[in-house]
Structure formats: structure tokens, C-alpha cells
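Heads up, the next two complexes both have chain A, just with different partners, chain B and then chain C.
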Partner chain A sequence: MKTVSLTIDGKRVKAHEGEKVLWAALDNGIYVPNLCTLRDNSEPSAACRLCFVEVEGKKQPVPACTETIEQGMVVNTKGPGALRLARTALELLLASHPVDCAHCPSSGSCELQKIAAHLGVKLKTRRFRKLLRELLVDSSSPVFIYDPNKCVLCGRCVWVCRERLGIGVLGFAHRGFERVVTTFGDGPIAESKCRDCGECVVACPTGALTFKDKQGTVKSAHKERVETETTQ
Partner chain B sequence: MKITDLQSVLPAFQGIKSRAESQWRELRDGGKPVIMVGAATCGRAAGALEVLRAIKDELKKQRLDCPVVEVGCMGHCYAEPIVTISKPGYPPICYGYVNPVIAERLISEFILGDDPCLEFVLGALEENDLVPSFSDFPRAKFEKKVILKNCGHIDPEQVEHYIANGGYAALVKALQMQPEEIIDEVKSSGLRGRGGAGFPTGQKWEICRNAGGRPKYIICNGDEGDPGAFMDRAILESDPHSVLEGMIIAGYAIGARYGYIYVRAEYPLAVHRARLALRQAKKLNLLGKNILGSDFSFDIKLFQGSGAFVCGEETALIASLEGEPGIPHYRPPYPATNGLYGKPTLINNVKTLSSIRYIIQKGAEWFASVGTERSKGTAVFALAGKVVNTGLVEVPMGTTLRQVIFDVGSGIQGGKRFKAVQIGGPSGGCLPESALDLPIDFDSLTDAGAMMGSGGMIVLDEDDCMVEIARYFLEFTQRESCGKCTFCRLGTKQMLEVLDEITKGKGKIEDLDMLSWLAEDIKAGSFCGLGKTAPNPVLSTMSYFRDEYEAHIKEGRCPALMCRELIAYYIIPEKCERSCDACVGTCTVEAISANKKRIKVIDQEKCVKCGTCLDACPPQYNAVVKLSPPSQVPASK
Partner chain C sequence: MVMTEEQARVRQQTKRILNRFGRRRGNLVPILQKVQGEIGYLPREAMLEIAEFLDMPEIDVYGVVTFYNQFRLNPPGKHSVRVCLGTACHMKGGYITLDAWKRRLGIDRGQTSPDREFDLDTVACVGCCVMAPVTVVDDKPQGKVAPTKVDGILLSFKLEKERQGEESR
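Let's turn to the complex of A and B:
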């Protein structure tokens, strides 16, 4: 496969032809905030709108997950326009997220915390109204707890369950602000075809899906994934 | 195409055409009066079916035998139900605001007797010495009917009517051309997509033709969802074959084998008529295998969308057609190369497709002679809101907003003052009086902060609060957002919260900065067109009507007296009539009582601001008024 060389944040990097900017950056140790991408998903979902970067010659910031690399491309992940969009997107997510890190088993491995630190955004945002939904927590599964209130709708769990594993227990329902990840017919997970494999929990970047009883397992699973992704 | 095929196309069509023409002649020149009833959705909503029944009953009673034809929408929706009578010896006369009683009179006095009932006449379809014709109307100077030409004048359920009026001749001509020639013709006509974005149609066709992968698909996008827009519905209900013909020609030009008409299920009449049209076209071999004996085969199916606004976005529409949730997908690849089931797919709006036959028949040059430098042809608008002549309007591109609203639409209802016009639906914006002389075309409307959109035009007057209008449209997009991307799902929700607070008098001045900042980010950061344009109604009202926003925030006052929380109803004692109790009786919450002098007083604590007292107060007194802010109400003595 041909390789293409480009510059990201002043650093000359090489990546396979056809690769997206996001992976080219991550593979070369340059972090770009992201929530909704998974390496093995070939079609970028481009839903979280956090990975904006600036590309020389383009008027507007572009999402790194959909932008294909080109020879000689000059990418700036810290341009003011890109950071502005990423910060607004994160603050919007945080404004609709119950920021209760002290009592959240995912605290420490949560990607929202990591991205907030990277972008210099406070977890308790002041700019926007706090808009929470009061959805029921589903603890019916013997393996994990699903708290839809903490979900950022990145869709990783849906994709993993449906495409990678071919099970398809989880899916999206409703529109707009009411959009939610749920089971078919909105029933409890225990009554679905869930095989309790816990892959969705591993995929979840926040505290929406957490392992039961084994708080340690939760953290390590998250940490492991976050670490492999950033060091890859 | 092979020469042998071409030889068969013409004679095959000649037979169909002469049969259709003789049928049409029989109807028009059969010596009997012909009664046409406008029975599109606009007519039916106004009572056309009752009128139709009354006409049929009366004819039966009078033992008269004359054809009664259901036609589509003429565009004069304000005057529905509309009945057109063509009686030998008279010009075809169009009657407006017809009810069953008037219908009976028309039969007994005009059909049976010889009194054309001038008091009910709207206009004649031809110039004559008896009654004023539509061409004498001031609006006639500005209108130019191209794609609406047949609407309201033929029976949409009779393919023969369409063929006798020149229908499918363009298809026959196209089948004798090379596909590339057709694409060149469409390209040089300058036609731009009528769905809203205005992408050059010919270019889209060319990309799709050159794309690899088979079979190719054509999709007619009839997922019209803007509040106040009804152009596509009217065309599908009034002249469905014009859309079919455009699709078949497009299919031949790009080398497609299958087509889909995507119509929302909320348009049952459009669905019914389009389905019927498909069956008829198939029967005449204008559709199906080896069309008219040529080697071109093309089939069309109708698909009913379940009414999600976002499905008008082409990638969401394709997902919906494939049986997936209607959620937009990332482009590129664009549907033209990678669309339905991963195959090259051409998606065109209803109006775009129904323009095609005229381009093929009359030539690109003719089409390009109408319109402006960069926007060719005509624009179809659904004129709604506070305008006198609501209905369908077709004008050349470049006509000004003022001409459409004041000359064609006859201005504002009830002599009120014009405030703004909302163009382009939830993706468009509100333009103020100062923008009225803007020519209507794709570029100048976008520059002004609105957009062409698919053709909804809602006229607003002095009683409309611009903050509330912006809030209304944002509520619509928020509800219709698919929820996939952060900006559209949460950003529009945040904006909506702020607007809600402002209309309730709880806004803060710094909210305005937050609103415009967030609006810019949503525009730049959203995934699809729905999100990218969702802030437009807010941005345009904030730039043109900032004073209204400030009045809400700083003074707790709604200048248009519309926002319920910021107004109070008050009875002016000097105007209130002692002997009248109209308001007391209508008040739903018993908030109105009479004082010792029999002057009526509203208990502001109890009042729910429903406004029935204002409607009930007889016009000679006009004692009930709205005041804003509510503190304007004088303390009761």
C-alpha cells in the first residue's frame, strides 16, 4: 500500500493512502478529541463533532474522521476555528450530561474528562443551560448497568453489538433531543437477545455502560482501550 | 438507440395520441357544458367534494347530462372551492368560493337557464366581452405558468387529458435523441435543482450517467415537509404525469432502469393520483419494458415516507427507502455515484423533474430565456400566511418579492402592515420590508440570509412576533432533527430554551450574544443540511428585528402583542357598553365581571389570555385591547 506524507501540527508524518486524518494523527501520537469513531468501522459516523481540525487551503474546519489524507496536506489540530467548534460541541454534551464524576465508576477512564482536559473546558459548563433527561437506569443485565442519562449517543456500542458482533441488541430510537440508545421495543436488556459479552461496555467512552460489581474491571477495561488507542 | 427502434416509437405514440386527442375533443367540443371542479387537497379542505356532490345531484334532478370533471389546483387556493363551467356560446368561466347552494344555482341558472351568475364569477379563462378574464388581473402581468400550466385545467386521473395537451411528446422526442444530447440540453438550459440547494441539474445528471455501477436509480423527492409549503403536493395531485415524464426522460438520459417516487404518506391524494398515473403509463407502454417499442426499459415504484422532515435530505431519504431509519449519512460519496443500495442514484425534486419536458420540447434556449443570469426558468411558490391571495404562484426567476406578495398576492389581509416574509421554511429566513425589492433567485436570497428553499413563502404582518416566529421554526427543526450529531441535537435545543425564555420575558441581554455565537457554530459544525441551516430563522430575525428581541428582554414587552406571557387583556372603561355582556358570556374562566356602573372588568389573576373576549367584543365598541407589558394595565379602582 502506498504511503502518503503530511504535516500535522508541524510534525511530518506518514500514513497509508486513503487513511483519514484522525487516524493518521492518533497513530503518530497526536491526540484529536473523538467519541464516535471506531477503527474497524469503515464508514465514519461523524456524529460527535469533536474532531474538528483545520486544513490549509480549506476555509472551514473539517472533521478529521471524514477527511482523507493527501500528499503534502498541512493539518492544524489546534487552530482557533477548530478548537472553537470542538469546545462548543463538548460543552453541549456536558450541558446534557449529569456531571457527577465523584460517584461515577467511570471517573478516571471517562473520555469526556480526558477531552475536557485536552480542550481546557470545565466539566461544569456555565455557557449553556443544564438540560438533563430523566431516563430510567437499566440494571437488568447480570453483567452491566446501562444509564442512558450519561450516554452521549456516540453509537459505539450500537455499532459493536450490531456490526462487529452481529447481535444487534442495541439500536437508536426517537428523534432530536429524545434520541436514545435502547433495545428493540424499549424493553429491559435482560429480556433482549443480549449475550452478556460486555463488549458494549468496553466500547462506551463514558459512564453510560459500566460493569456490575467489578468496579475494577470497568476501569481497567476503559483504561486499556484508551491507552491502546492513544499509543497506537 | 437502434434505428429500427426509433421507427417504432413514433407510430406507437401516434396511435395513443390521436385516441387521447379525440377523447379530449369530445369533452371540449361535444356540444355539452363541461363542469370542472377543483378537487386537489386545497379544494377538498374548502368543501369541494360537497360541491361536487351537489352538482351531480342537481344535474340528476334536472335530468341534465353534462360531463363533470375533477381537476387539480389552479393556484387560486384562497377562492376554493373553484368550479369552472365551459358552456358553448360562453367563455369558460371560473367561479370561486362555491358552496353547495351556489353550485345548485349555477346548474339551474347557468347550465339550464342562460344566466352566467356574474355575482359568483372569479374570472374567465379566455378574454371575452362578458366577464373579466384572469389575464386582465393585475397578477397576470407577473405570472408565467410553465410547470403549473396544466394544473386545474385537466383531470389528473385521465392520462388522455395530459397527452392531448402535449404530454409525453417530450419523451418521444427524447427517445429519438442520444442520452448525451439530452444531458447537454438540460445543462445548457441552466436548470437548477428546485429542492432548495439549487445544484445544476444537468451536471448532476452527467455525474450520474458517467458513474459506474448498475442498475442506476432515479428518485423523485416528494418529501415536502416545510411548514406552509405545498407546491410538490399540488403538482403531484394536479399533473402527476408531468413528473413521470420527467423521470422517464431522466432515466433514459442517465441509463437508469428503476425509479422511485418518494412521497410522504400524509399526502394520500398525491399518493393515489401518482399511483394511478403509474398504472396508466404502464398500460400505454410509456413505462415498463421496451417503452414504446424502443429498447429502453424503465419502471417506477411509489414509496410512502412516514413524514420525517430530515428525509428530504438525500442520504436520509435513501436510508429510508432502504428500510433503515431516516438518518443522514456522510457525503462523499454522493448519491449520484453511490446512492440507493450503493448504486448511482439521481435524486431530483418534483418541480425539477416536471420542468424537464418543457426543456426537451421547447429547447434549452427557450427555458434559459426566462429568469436571471444565474437562475433560469420559473419559480413556484406556495404563498401562505397573512397574504390576501394565498395559493400557488409561478413567476419567472428574478421577479421581486414585492411583486409576488403585493401584485400577485394582492398584499396583506385586513389592510394590516407588512412585517416580514419567511422564505425557505425552517432552513430559510425572515426578510423585512427593506428586502422586498430583492429579485427572487438562488443567490440573492441566500445573500440576504434566507434561502430559495423548495418554495414556501409565509407572509407575516404587524401582529406576528418575530421572536415567536423564530422560536416556532426552531421548535420544528429541533423536533425533526434526527438527533445524530451533537450540534443539531443539543445545540438547537439550547437555542430553543433561550428563545423560550425570551418569549416569556425571562431572557437576558447576554443571551443574544450566546445565541448568535452558538448559531454560528451550529451552522459550521452540523453534520447535514438540516442542522447547518437550522439557525437561519433565528439569525435572520436577530439581524433584521433585533429591536423586537431587545423589547422582550429589556422591557418585557412584545411589540406585536403575540407572546402570551408578555401581554394582558384590558377593557377600556370609556369604550365598554353598559348594556352589553358579550365578553362576560364568552370568558372561559369567568374572569370578567361587571362593576357597579355595569362596566366590565377583567380579573388579571384569573385571566388565561385566551383572547375570546377580544373576539366577542362587538366592533362598534372595540373595548377590549391587548397591552404589553402587562404592567400597562391601570390599577383597578
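Let's turn to the complex of A and C:
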């Protein structure tokens, strides 16, 4: 496969032709915040608005997950315009997130924490009015717990369940602020066609989907996530 | 799971409607409109039948149904109550009116009372803002609907029903 060379944050890097800027940066040790895409997703939705980067020659910041690399491209992941957009997007997400990290099993492995630290945004943001959804937690599955309040609607679990595994239990329903990842008829996961594989838990970047341990209590998804990342 | 008579009827009715459509995903919304047009709402069984027909995840049908305002998941009541939450009605306390309806009927927006007498929903302006806060009851806009007027409207329906009951006796 042909390789293309480009510059990201002043560093000369090489990547496969046709690769997206996001993966080229991550593969070369340059972190770009991202929530909604996965490497094997060929049609990223660019929904989370966190991976904005600035590309020389383009007037506006572009989402790195949909921007294909080009020979000689000059990318700046730290441009003020891009960071401003990403920070606002993150602050909006946090404004309707419980931010109960002290009691959350995903604390430490949570992408929101990582992105907030990277962007220099406080988790308890004051810029937007706090508006929580107060939805019911679903612990019906024998394998995992789903807390929709911590969900950022990135759609990773939906994509994995549907496209990678071909099951299609999870999806988006309702509109606007009431939009949730849910099952048919908003029923409990145990009553759906869920096969308890737990792949959605591995994909979840937040504490919305967490594994239960043998006693049926919550366990951190961190270990599982690290394992799959290293096997890829 | 044993299917009730109503569920079986819904399945058959939906199948008959589906016969007129091709198995393209693009037909989802027209199919939903047609099924709701005939049954009055979109029962669970109808959505399952449609998902199977179009070979798509059931949750996707549910997602579309819950996304668009025109689709309803509950059977329509005998009387429809539509509380306006447009800008003018919002400013004049449309939410207080909505809360009054919810409390009196014991249901949330988008639901139907258990006796299937009333269904409650919201609309985003019906074009008679001088009368705000407006509630459209059976296609007739009622103006300045304070919680006490909610009681009045419900009382008139109750009286009408009693009168009809006496006449038929």
C-alpha cells in the first residue's frame, strides 16, 4: 500500500494512503480528542465534534475523523479555532453529564476525563447551565449495567452491535434532549435480542456501559478496553 | 408468548398494508403513515412486522417512530387534547396548563387515559396566540386555559357523557 507523508504539529509523519487524519495522528503518538468513531468504521458520523483540527489552506477547522490525508498536508491539532470548537462541544456534553466520577467505575479509564484534561476544560464546567436527564439505570443484563445518564450519544455501542456484530439491539430513539441509546420499545436489555457479548461495554468511552463482576456489582471496563486495544 | 386477539389482528392488518409496498428502507415512513392511518396508532406488533418486512433492526423503526411528532405509540382517545407550547403560550404559562391536564387525566404527554377517553399531547403553535395559553380540544381551540378552565372542560365532557347515558337508557 502506498504511504503518504504529511506534517502534524510540526512533526513529519507517514501513513497509509486513504487514512483519515485522526488515525494518522493517533498512530504517531499525537493525541486528538475523539468519541464517536472507531477504526473499523468506514463511514464516521463526525457527531461528537471533538476531533477538530486545522489544515493549512482550509479556512475552517475540519473534523479529523472524516478528513482524508494528502501528500504534503500540514495539520495543526492545537489551532485556537479548532480547540475552541472542541472545548465548547465538550462543555456542552459535560453540562448534561452527572460528573459523579468519585462513584463511577469508569473513573480513570473514562474518555471524558482524558479529553477534559487534554483540552484544559474543568469537569464541573460553569459556562453552561447544568441540565440532567434523570433516566432509569438498566441492570437487567447479567453481564453489564447501562446508565443512560452517563451516555454521551457517541453511538459507538450502536455501531458495534449493528455493523461489527450484526445484532442490532441498540439504537437511537426519541428526539432532542430526550434522545437516548435504547432498545426496541425502551424495554430492558435482558428482554431484547442481546447476546450478552459485552462488546458494547468495551466500546463505550464513558461510564454508561460497565461490566458487572461475579457478584453482580459494577466493575471497571478499563481492563477489557486495554486488552482489546492491544490485540488490534 | 401467547398473542392476544388484538395483537393478531394488528399483525394481519399490517401484513395486508405491507403487501402494497416494496421492501425498500425508503418506504419506512410511507408505511408507518399508512399503518397509523388505518389503525390509528403504531402498536408494537405493527412495528415488529414492519421491521421484519424491511429487514432492518426493530430499534430503527422505533427510532423513526419516536423521532417524528406525527407518529403515536398509543391508541387515540375519544377526545384529543393538544396543549400549545408555542412562544406566546409558553410565555403565558402553557407548561402550567400542561401540568394541570397531566394531573387531571393522570397521564403524560403522548399518552392515552386508561379508559381511552382522552389523549394528551403538545403542539408548537396553532396560530391563535391572542388566546394564549391555548389548548385544542377535539380540533376546537380553547383560549386562556388556566388550570380551573381545565376542570371546566373536563366537567362539561363528564356532564355530556352522563346526559348521553340517560338518553340511551
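Going forward, the second predicted complex is superposed on the first by the 214 of 232 C-alpha atoms of A that agree within 3 Å, B and C clash if a C-alpha of one lies under 4 Å from a C-alpha of the other, contacts with A are read in each partner's own complex, and residues count from 1 in each chain.
Rule of thumb we're sticking to: a residue touches a chain if its C-beta (ideal position, glycine included) is under 8 Å from a C-beta of that chain, and two chains touch if they have at least 3 such contacts.
Being a predicted model, the structure only gives us computed values, none of them experimental.
Of the two partner chains, chain B is the only one that A:61 touches; chain C does not reach it. Looking at the superposition, the partner that touches the larger set of chain A residues, chain B or chain C, turns out to be B. Shared-chain residue A:162: touches chain C; no touch with chain B. In the superposition on chain A, contact of A:184 is made with chain C only, not with chain B. Of the two partner chains, neither chain B nor chain C is touched by A:51. In the superposed model, A:174 makes contact with both chain B and chain C. When the two complexes are overlaid on their common chain A, residue A:104 makes contact with neither chain B nor chain C. The interface of chain A with chain B overlaps its interface with chain C at residues 172, 174-175.
Residues 308, 310, 325, 327, 329-330, 478-487, 489-494, 497-498, 514, 518, 521, 524-527 of chain B are the ones that touch chain A when the two sit in their complex.
Residues of chain A that touch chain C in their complex: 162, 168-175, 182-185. For chain C in complex with chain A, the residues that touch the partner chain are 44, 47-48, 56-63, 66-67. By the touch rule above, chain A contacts chain B in their complex via residues 43-50, 52, 60-61, 66, 81, 84-85, 88-89, 92-93, 95-96, 127-129, 131, 152-153, 172, 174-179.
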